[in-house]
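Have a look at this one.
Chain lettering (A, B, C and D) follows the sequence in which the chains are written, and residue indices restart at 1 in each chain.
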Amino acid sequence: MTEAAFEALRAFVAERDWSQFHTPENLAKSISIEAAELLEVFQWGGEVDDAHLREELADVLTYCFLLADKIGADPQQLVLDKLEQTRAKYPADIVRGRSEKYDQL
Amino acid sequence: MTEAAFEALRAFVAERDWSQFHTPENLAKSISIEAAELLEVFQWGGEVDDAHLREELADVLTYCFLLADKIGADPQQLVLDKLEQTRAKYPADIVRGRSEKYDQL
Amino acid sequence: MTEAAFEALRAFVAERDWSQFHTPENLAKSISIEAAELLEVFQWGGEVDDAHLREELADVLTYCFLLADKIGADPQQLVLDKLEQTRAKYPADIVRGRSEKYDQL
Amino acid sequence: MTEAAFEALRAFVAERDWSQFHTPENLAKSISIEAAELLEVFQWGGEVDDAHLREELADVLTYCFLLADKIGADPQQLVLDKLEQTRAKYPADIVRGRSEKYDQL
């Protein structure tokens, strides 16, 4: 996420005076709500509409970026930091090709 | 998201042979599951552990980035494209300071 | 849900002094959180552990019953009342064998 | 849930030939999707519309009852059985007035 992209998001929110609604908790609820709309694309199996999928994923990402900005975090850095932790928790030679959770390996 | 960061995610998945599990539908389910773990940070009110919050947000973002990569989309571009649509749907002068959905304005 | 079953739930909550946490909003969050744990049973495909599935469904139902009790509603009556509405929205002769939403029929 | 209520649900599904869509996994996805619509009632704080809340809770319950029926379980019995387990996990004298998870007590 570039600073210019964050600025576009912040301007969008500021123009609408929506910052008052964007507490971390409300943003967390919003991420769950939008994640469910993304899941709805796959609710009954069947064909997936690619444009619809992109829009729903965009909505989840938007609220994630707003929450990251609210707590002063860079989304990409969050992901890379967590990746290091997950590398240690799921060593490649133990989990290769297995989908169990770490406490069931 | 830089190409280097995507490469780090892809290498992590490839080393574990987890690509077989990462269908768009399974990633969408995973986003909902991780979004709920993020919501759990706020389940009963009370104080929020910042490190915990960052980790749970990182998990949602990780699956979002994996899904974006799977469908050949750039996360930041998805957000910016959707922002343009939302600008049209929620004109600033109509929605200022209001949290209603567009169909209830 | 019999009155005796509701009484058992209420006693469980009262013994733990948990009613203070059980606002309608916190219960709604809890339903989403438990629904995601139920979804996790199906996260990567593969075999389903029946006992695990029952436990996770029980957790969703428990919070649903607590919320119903909080708003003075009977779970079964809620379902039957909504069924009447859904019958009108999705007439059998139009939707037979189709999974589209009502606004896409 | 009485047998008559289950029969009404089954008839509704059968008339629409929707049983083909109602795999346990699809029902689990549907429970998460409807749980998020229930959460949406509380998304930004503010007043809650009681009729709307009842409808959304009814939708979650409906899919829970359909899943219970699919796996041959009685919803009320599931809840009461789980309550016994939770009693043991969260002894009243230890958890009174506390909202921590059992692994953080």
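Descriptive notes on the structure:
Throughout what follows, contacts are C-beta pairs under 8 Å (C-beta built on N, C-alpha and C of every residue); 3 or more make two chains touch, one makes a residue touch a chain.
Since the structure is predicted, the reported quantities are computational estimates derived from the model, not experimental observations.
Looking at chain C and chain D, the chains in contact with each of them are A, B. In terms of C-beta pairs in contact, the better-connected of the chain pairs A-C and A-B is A-B.
Centre-to-centre, using mean CA coordinates, chain A is 25 Å away from chain C. The geometric centre of chain A is 2 Å away from that of chain B, both derived from CA atoms.
Taken residue by residue, chain B touches two or more other chains at 21, 29, 32, 35-36, 39, 42-44, 99, whereas all remaining positions touch fewer.
On chain B, the positions that touch chain D within their shared complex are 29, 32, 43-44, 46, 99.
Residue ranges of chain C in contact with chain B, taken from their complex: 21, 26, 29-30, 32-33, 35-37, 39-40, 42-45.
Within the complex formed with chain C, the residues of chain D that make contact are 1-2, 5, 8-9, 12, 15-18, 20-21, 24-25, 28-29, 31-32, 35-36, 38-39, 41-42, 48, 50, 53-55, 57-62, 64-65, 67-68, 71, 73, 75-76, 78-83, 85-87, 90, 92, 95-97, 99.
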